[in-house]
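Here the structure comes first, spelled out in structure tokens, and everything after it is commentary.
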């Protein structure tokens, strides 16, 4: 299977900094798996209190996104969203790259469905729910009420860009590169890049250049345009940095943090006045939460508050 | 009162460049106050023709936002909006920092209201108009038809960020830092930061990092991400720079400038086509104004036009 | 006519790098004109396969936008949109600058219409269709399904900024400068700058500063704020660079590229969820195109695919 | 003053059923006025528990809307909105008709402002806040969280139609007639009729006929098209009927009723999905109110519940 | 050609009241044609001052909509929109029915385009501009600033319903019937019925019944559901009635009437608050028109005002 | 269980026409159940080709909506949506009434969750997904691509109104009555009535009267206001009538019918122009379906076309 994925990746030869297999393996093994979080394509760990880490875990296949991955990425974020033990999530990957994008075997399935002699409307009917399901897989990161910090190392190709655009915060290592790959396979990106990327970064000219040409963008340009907000020298420091910010977030009032996430996503899609009305509606309740009192008292006493689960 | 405010500001010790009290005082005293503009928490001056300057003026309380401030900031921008002598506004602050954010005494009032044993719906009903009033205080900067240039020095915390996000142009001094502080008091920012900040800057990853972690952002990062468009070495050059751009703006046709502000705010909240329709509707009238003729003649004759009041 | 245009351009003396007339002429003459593309104010060439280049071609008038230009710029993009030979467009200019903006003779016409003694409603009725027609001229770049790469050298003033904001990708030479000039002629920009510029760049403070003050912005600042995504040392390298990216784009599946453009423009004006629904609706058909199969096979075989016309 | 109003009303001669002066007077005198509700142009009474009645009270002037009226109608609905004793409002009128519409003296003021020789943009600037204030007067009925039942007898002209379109429920007597009068005074209705009427009734053809021709519509047609939902034989039965439904409404949980009003107004202006999200956000709090428990217990025990004030 | 059209109309046998050929002819001949209004498929007359009448004029072909009709219906409404002599339009039809809908020869053209072996994306690209052009033909009625009164007799099938939904006011004769015919030809209506009909009438259940079943709706039901606002006994009284309301409308201030039309169409597509903002923006100019003064004076003096052209 | 439901229904004594138990039973027994459609609270039958009938089937509990019902109503419409054998659905009910609304046992569960002493924000977090799941149960009718015809007899209370508002077509028997019951249990309706009802009927005054007062509306008023589009004398004729229109719909091109449903739902929530763009995007594909050719040929040959499954 790995060779099949490899053949689809024209850009792969230029991966700049390939961590040794040993380094990759040690990364994988140091994670302790969490009871109740059992996935085939994902490795779940808990690096600090209230912080969960989701690692894409098909290193032999360059973390290519196969059927199981598309299903599991949605399931894990639904599970984390409902798990009151979790207050922030780090999304990283095991192996030599973040992800090579969609697995070719997935594409073949769709190809079979659309290439036949059936009526065009009937083929469309068959394809529609598949696209919708793919979209829902990544929208699950947005629907998860807890902040998601994506930590990208090495290649992040095609579906990988769609995936991280649905995260809240994006960090990367120095060797990271990003590629909106879809036009190279005759396709317009339809699981989030074209919709979210322009609202994430402040350079529409660059967004279109990337989307139309499928050229690679390296970490420095990604930082400059605002796709990521911090670069780290290597994989280890990247994951530490992501865990650190997630730990900081997890120490705050979960009511405040999760209401902020809801408000930010709402604001992106509405006018400022509608956004103000929405947060006022939320806060007329959230202000009645005990977290406000706890945080205020802690601010007075200079002690660290302890918030109950949410 | 000042000590109470101080105790709420965990980040205060790290203020990097504190101007001497003398410098602060001289700043305050050089402003001539304007007849008809009498406020307790604000000092109003007129640094150049058609340019008014509003300084937050509770230096002993670190410009914390108390009840009077919330009322007066709205009143002054309504008054300036209606004063045809005014064509541009500079918003700055007296004392050692821009503002420490909301005054804790304000928070205590709301706290008292929400912590009681009353029915949850009835408490919500009591809180709602308070949130709406706070929001209206800062939206007054947007509703003021004249451009507002915020000039931020030293700390700009919590409500301060909400405030400057409603200005048109943001400059800061080298020692400035910004903190979306609300999660630290168990609260999602509800007077504008979450709604306006992502539409102002081009780095959504950074916006969420700031909002979820309450970490400080210093002037250089603020410039890079686009929160401010210029940095000045110190308070004096900052205020001069702000007054200078305001003076330039005040020299232009007020019809053109104010129609541009209206169009930009409308455009932010609508599709491009709706924005085009709106400006066409406005301009079918504004093109009939004498300002067009005056400006065109001035362009021909290379002389500086004089526009009548608006 | 040229002197009249000149007199309108207060900023013209500061043009920093004026190419010699010889250089300008050679630029013009090396373009081979295309049969069926005959325009008075535009020179059309085909620098590479499936790539068309539109040069503004009134060099003696500093490429000021006269009546013919406003009509032809719309016509040419409608023609290119319908020409299946064309897959990407470069928009550049002949002569010493990109454009000096709207021709004063145009302004005079509108001036005559609005300055008379007629009833205000009736004058408005006369002006409205003119504004709408101007807007449609530049919206034609957006409606053209093929990507448009603007290549700006030297001055890009007033209407020039409106024009390039409707392009997909913006490159410039080192000597380029940009000026939202409208307030200087007593006017709010109404053909796209105020609507599109804030959605293109990630610095709203800067956008308002430019719009209210009419100050110039030079190439370095344009790159930093995201108005352009690349700077080239001079005119020749700029045009080569623009043609190169256009050629890359033209080598991709036209179905994929044009669907991506449609999706990006839709996404800008809608919520993320609506954008996802739209691309799903488009792709349930586009996935049935032969381009998907061709691109997939090419990716397998490492050969360059040949797509049929669209 | 009355004669001046009269002269403006071309349709007045066809008033079909003029109640005798005696009848009108008795109506006026039977209302007991409420402490704290003192208005010049409005008479406020409390016909049943938690139900307030606002009667337009300029019978000698045919209830024409003068300056005081425009100010007071807004004030009274803000006062009622904040008065927890009030749970439903009846809006009726004293005298021989509901209202003759805007008072000509008001029109004269605006006329003076717009007819001068001032610059068109500057006159527009003067007019804008006046229109906005008029609009806010009637939008106050919508912003009042308690349901408003309009009870219309005889003529309801011009501004009267704008007014009742902002109510929640509309009843009328058999002799009522309605006239969208604005085009007869050279004006497009700008205080709500053109915006709200089409969303209230189910016959867009009729709405445009009324708006463009200023023809009268009698009660039967008003019922058929859905402008009113019930007709009563005369003034007395109309007011009783309105008070009766208001009393029924006032007996229900105020949390449920006021949340329903908020949701219905929100739904009118949003997609179904956005409306569902909004009510879910409201109800995750409102379900925690004691009213739910009280109402549920009452439903079990078949006893009438008593809700606390809101 | 007529027979071809006939064969496509399954419902034709049930036409209930067929006017004699003589009656039809006399209708046609009594219209005096207007200089400058020369159309093949439309007969233009001027039945009263400032009122123009457009009659569909392919009686031998049952007014089926052929290529020329689609082009001319757009042209005539653009011409009438720009003709200041015209203030209101009546849209009727010559011959035994209003229209049999789209001409089958049109369908055959599209059929040829979509049935070939070409790539699905490329066929779609060919079809798209055709659909858009059809839509623009009927949207021309909405874009025409003058009110359009549709007068429907006998059959109004398929495209006929799309057409009249874009008119402002709809009247019909007693023998009229309406049929949303598209599903019978394997097609979802795409030129306006599905978009406009539900916003015109107040019975969504009925709208879907009509759209999904293609059943006929007779005049009485059309009146009850609000598709038409008046029924007349026969063709002659129908046309007189339509001309009469158009004449009334044409006697009003054209500024007031046309601003009202613009506001109503805007209101349909926006929230109430956005609608209020829009009419305020329009009226700050329109209130400065001489029409307001003329109408006010006329209201005082009881004389009929004369408004200048618009 | 039945008595508990009964006790919650204050209006039950006034049920006007109770079918005998025998009649009800025969209705139930004549339905043949369909393999693969096995539900506890719903009885599924197939009354004619391509038409499925879903009957609420808890007659002993007055069809009160319990946990199983809320789950199954969603599942059955997802199953029918995916079953290409099904082209139209009839939704009716077994027993003496359509439905008594939500089962009190359901309310008790929610009550237990919200009445505890937990933190208000944490209780809200528990309630939110429950409300969202309820909403999704009824939105499933809208998401089902096949038209749904609701056939209502006798009482349709509370959740019953929410349910039928999500259907496409509503018919009722003469004895039907409707009650927006929620305010009687201290609750604003949050599963669709407040959002959909005002967009379905043309009488906003009536909608608010019903929602605020919880009064019953009988069949005649439901027809007049447009909630239902046809009344039948009794249960048998009602179900026949519903099956008949469903059978007609099922005989049409499924591509045309289902595209029409999608377009109508989209149009409700968007502007007319956006609706036109959407149907054009859909139809550039759907026009390529074989259904268009089959329907066109059938129209020519006067024979009934046979469409393949969708």
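A, B, C, D, E and F are the chain letters, set down in written order, and residue numbers restart from 1 in every chain.
Everything that follows uses one rule, which is that a residue touches a chain if its C-beta (ideal position, glycine included) is under 8 Å from a C-beta of that chain, and two chains touch if they have at least 3 such contacts.
Listed by chain with UniProt protein names: A, B, C, D, E, F = Delta(3,5)-Delta(2,4)-dienoyl-CoA isomerase, mitochondrial.
Since the structure is predicted, the reported quantities are computational estimates derived from the model, not experimental observations.
The chains in contact with subunit B as well as with subunit C are A, E. Considering every other chain in turn, the ones in contact with both subunit A and subunit B prove to be C, D.
To overlay subunit A on subunit F by their CA atoms, one rotates by 180 degrees, a value rounded to a multiple of 5.
Centroids of subunit B and subunit F (each the mean of its C-alpha atoms) stand 51 Å apart. Spacing of subunit D relative to subunit F, judged by their CA centroids, is 34 angstrom. The set of subunit F residues that touch two or more partner chains comprises 120, 124-125, 199, 201-203, 225-226, 255, 268, 282, 284-286, 288-289, 291. Under the contact rule defined at the top, the touching pairs of chains are A-B, A-C, A-D, A-F, B-C, B-D, B-E, C-E, C-F, D-E, D-F, E-F. By the touch rule above, subunit E contacts subunit D in their complex via residues 88, 147, 168-170, 199-203, 225-229, 245, 248-249, 252-253, 255-257, 259-261, 263-264, 267-268, 271-273, 275-276, 279-280, 282-289, 291-296, 299-300, 302, 305, 307.
Across the complex, subunit E meets subunit F through its residues 7-8, 10, 107, 110-111, 114-115, 120, 123-125, 127-128, 131-132, 135, 139, 142, 182-192, 194-196, 198-199, 201-209, 211-215, 225-226, 268-270. Across the complex, subunit D meets subunit A through its residues 278, 281-282, 284-285. Those residues of subunit B that touch subunit D in the shared complex are 119-122, 124-125, 255, 285-286, 288-291, 308-310.
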